[in-house]
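One chain, subunit A, links the two complexes that follow: it is found with subunit B in the first and with subunit C in the second.
The block that comes next holds the complex of A and B.
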């Protein structure tokens, strides 16, 4: 490209350094590159160094390197719980999101009245700052005033307040205590994560669906195959790269998230039954000031992140070729 | 045939209605709670979905007069605006450089930028909090202003790079033939054409800064320096007492405008997100 440019213009004027595209490119890239290297690259290296050291807020000098920190972190039952919760949290929520996003996207690509408004409502959970959306859920799942519990009570699934001798079908109590019991609390955390991630995946899948040529669809419909075969044999193969992108983003945003857990349960109910890696690292590294153990904890996200990044790279390269 | 179409349409509406309820219900609940009288709200037998007593604006008054919420709003806007400016200054030249000038290296560096965006704040917040302390920025919104571009610059560079690539280079070459210098061509020709893309990154930088939670939580504990996402979740709760109606008001005031803006710019955002796997 550069050579053709110069041959077009060399007679018009003599190029100065300002017109040398290579120098210009470097100059324009330097500010962003320096910033990223200083404030992403350096902290990234620090994160790894911290994990192999004994630094705390009280003694922040990076003077002793050790693998004891890892040993301590790995032997901590709270960490083990957080690690397995992380996988549970990610796999269950993303599997659900993938299925639901396909259903919702298929429904939304049809034309119907009020589509803009529907899209607005569907997008709300993703557009709202997640801490704010989650605090709405915190109130929905309140131990006494939960509107879900109220509905359950009136459906006879829970006991009515002050009514003797009645038995709740779901639970023999007036409330579910969504965030008060380990199993239900984990369910709630996963539910809120599904709620928050569904819009993004849906919109990505919709983008994929609209890019499938209507001719292909028409041809299939003329052949008269059922919707399941149409979806499995036509839509899914064409949609696979885009589903992959939606899934990979979902995995990254979920595997590394702490906001939902932190706002909803703070990792509770005791002892740390809904903790995930990031929230546990926050409690260790920031609240207790144990920088090295916090850093070692989050480092366990790295293998999953690297795997996701590699697959993303392959997708990016493939779309570059086509 | 007609029956089948009718059945399909109804099923479609049913599916969509279910999802709308799932997505939007918490916001409806927040909106109802915002104007609820405490005696109405704190009675488990009352129907929570309607006003059993006349609605009140008392909760809003409390939020704006007796909490730091106005300060959270101002801080959020300051952080957003300054980070937008920094992001534009860094990302626009970088995106142009990667899209046009750096050739095949541009492609690789561009993907590299995207990979940087994939490094999550939760991986970096512990060393970042050390960096913030060393820079003397702890407990100040300056910490967010300095650190937030770490995720806005890579993403916006990537987004804008794709946008600039879609502008044919002929228009610039024509400007060069017309006697503009390279910088002149960028300023007079490229910049106006890239303006929609730049508008998109302004919107998304601003909303990304509003969404951020972990850095804000880790860097700032002083109440008057908090932003919406951390202030509402940590400051409007005194001990065990939640000011539920005011918290819900605080949330809904932010949620609705952001969602409207998001909706308007969605398609461009998705184009950047999907790595070109969908040609928009």
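The block that comes next holds the complex of A and C.
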């Protein structure tokens, strides 16, 4: 009796490999693992190998390992310029983004007519491919046809074309030459970096603002503090974790970006005034074919990105724990 | 301390009139409870008094001064929120000190006042903790301390006990009432819990549909409810309502008792009570069933104290008695309280 009963149930359901969570786990992790290994791991290891070798496009054999490449890269003033630009562009643009994102988010969480439309326009840059958005800026900052210059001319800040004896207030010229003068070119690069990071940061800060309970806001009102104290002592501390996330994303995107510089200035005006690590590595490693120097240049991003990654992991862990 | 007065207070949210002409006067040091179901406008009324919401119409006076256009901080009110709304990133000390800092007091002064408030609510040992390290009861005390510390003219309490578990709530109710007496601060307390309202309020305003249905002492509301809404909102279980001709008879569950134990009734009204279910609750028994000897057959509840050990079983009909002086009368159409109506029950049905 007993045996027939057992065999009956066995016939009714035979466990297959689909019920084995170990096999399923491995199967489902394989795509991600393959992706990470092939597209992140392998290039990363190769970058390190290249950086400590003398490979070029003409001589790609990994046969000699040396630290000379690093010496050469470090002594190159163009590299030094690119490295300091990287920090300058990132710090200035992200500082501006944090301030502006807070202001924008505060405004956009209020109720007003046409809020939807304003939100849409502010978020639009984020939906635009960076390269296309930057080409738009390239036209806006054109040396001859810039609409910004046109506006300045009509406001009397620049000289009108063909008008004699007039003195421009901003510049004694008919055009600003945004991308032609070192200072203005750097300003333009930073401006575009701000423009492209602002939407995402604003959305993140808005999410943070709406997560603060309305009761807390009411309590602040009843407790009778002014808006500055409210912002400094209540809003900002409660926003801090999420601001950190916005900042870290901003740092990663700006620090590793080459599109903006490449499209706007190609690193110019000469000599490589607006060059950044990514664009310099591309010019050196791909365009000039010096793979080892390109790889060594790129590796200088690693410490910063590693630091950011560690902070991110800590934030993620903390929010998991609490 | 101050008298709070609202005159014709109204609040419109879009098409909805949340508050529809509320006139209240809260006496100096009085504990007034706004009682009503959720969405009745009681919290909106409180928020308008606090200054968190602007009235659509009507005036608010605090200590004789019209405060309609004053921001909350200028009204000298303190509010305790249902969620307590403690600042999660601040220590208990800083939470309590926060309203004082806004007043630009000296550090010593602030410390002295925080310690006084903390001592009052027995949370002196928690001052360095963060809110998330506190229990619900402790958080509630911190919220109260933060409200007290500025020595406001008026306390506004928005369901401050509803996040506590039942056991703690009874204790907190008693404590809260004691603190209020001790401080003598005019207090407006919003709740949907009639037990809290009856237990704590000097007076209770029953609110429904944005209007005050009845305002009076807990005893008045219970003994002589102004309409059927008040009658059925108070008491647990609430008043039984039986329709008869053009009026509605009301009597509390504890006022309908077996004839054997209700012999001292002045003017007994006998009812045939067909019991369908018996609930034993320890201190009392709830009998659910139908009376049909007066008016229309109606489901009612009788609450019998445990002192009465009479054997009562579901499925049987018993002779129950209500003292006529315990009856409330309401108009069938307006649902308003009316003068007692003389009537006789149907003697034919009783012996069935």
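Just so we're on the same page, the second predicted complex is superposed on the first by the 304 of 322 C-alpha atoms of A that agree within 3 Å, B and C clash if a C-alpha of one lies under 4 Å from a C-alpha of the other, contacts with A are read in each partner's own complex, and residues count from 1 in each chain.
By definition in this document, contacts are C-beta pairs under 8 Å (C-beta built on N, C-alpha and C of every residue); 3 or more make two chains touch, one makes a residue touch a chain.
Not measured: the values here are computed from a predicted model.
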{"item": "Subunit A as common anchor, with subunit B and subunit C clashing or fitting", "value": "fit"}
{"item": "Touching partner for A:87 - first (subunit B), second (subunit C), both, neither", "value": "neither"}
{"item": "Which of subunit B and subunit C A:44 touches, first, second, both or neither", "value": "first"}
{"item": "Spatial angle subunit C-subunit A-subunit B, Cα centroids [nearest 10 degrees]", "value": "80"}
{"item": "Contacts of A:226 with subunit B and subunit C, given as first, second, both or neither", "value": "second"}
{"item": "First (subunit B), second (subunit C), both or neither touched by A:309", "value": "first"}
{"item": "Of subunit C and subunit B, partner touching more subunit A residues", "value": "B"}
{"item": "First (subunit B), second (subunit C), both or neither touched by A:218", "value": "second"}
{"item": "Partner chain(s) touched by A:238 [first = subunit B, second = subunit C, both, neither]", "value": "second"}
{"item": "Which superposed partner A:129 touches (first subunit B, second subunit C, both, neither)", "value": "first"}
{"item": "Shortest CA-CA distance in Å separating subunit B from subunit C in the superposed model", "value": "5"}
{"item": "Common interface positions of subunit A, toward subunit B and toward subunit C", "value": "none"}
{"item": "Complex interface listing, subunit A residues touching subunit C", "value": "213, 215-216, 218-219, 221-226, 229, 233-234, 237-238, 322"}
{"item": "Residues of subunit B touching subunit A in the complex", "value": "9, 12-13, 15-16, 19-20, 22-27, 29-30, 33, 41-42, 44-45, 47-49, 89-91, 93-94, 96-98, 100-103, 106-107, 109, 111, 113-116, 118-131, 133, 146-147, 149-150, 153-154, 157, 169, 173, 176-177, 179, 181-183, 207, 210-211, 213-214, 217-218, 228-230, 232-233, 242, 244, 247-248, 250-251, 254-255, 258-263, 266, 270-271, 273-280"}
{"item": "Residues of subunit C defined as touching subunit A within the complex", "value": "47, 50-52, 71-74, 77-79, 81-85, 87-89, 98-99, 101-103, 132, 146, 150"}
{"item": "In the complex with subunit B, residue positions of subunit A that touch it", "value": "1-2, 5, 8-9, 12-13, 16, 18-19, 21-22, 24-26, 28-29, 31-33, 35-36, 39-40, 42-44, 46-47, 50, 60, 100, 103-104, 107-108, 110, 112, 116, 118-137, 139-140, 144-145, 147, 150, 161, 174, 195, 198-199, 203-204, 207-208, 211, 241-242, 244-245, 249, 252-253, 256-259, 262-263, 277-278, 281-282, 285-286, 291, 294-295, 298-299, 301-302, 305, 308-309, 312-313, 315-317, 319-320"}
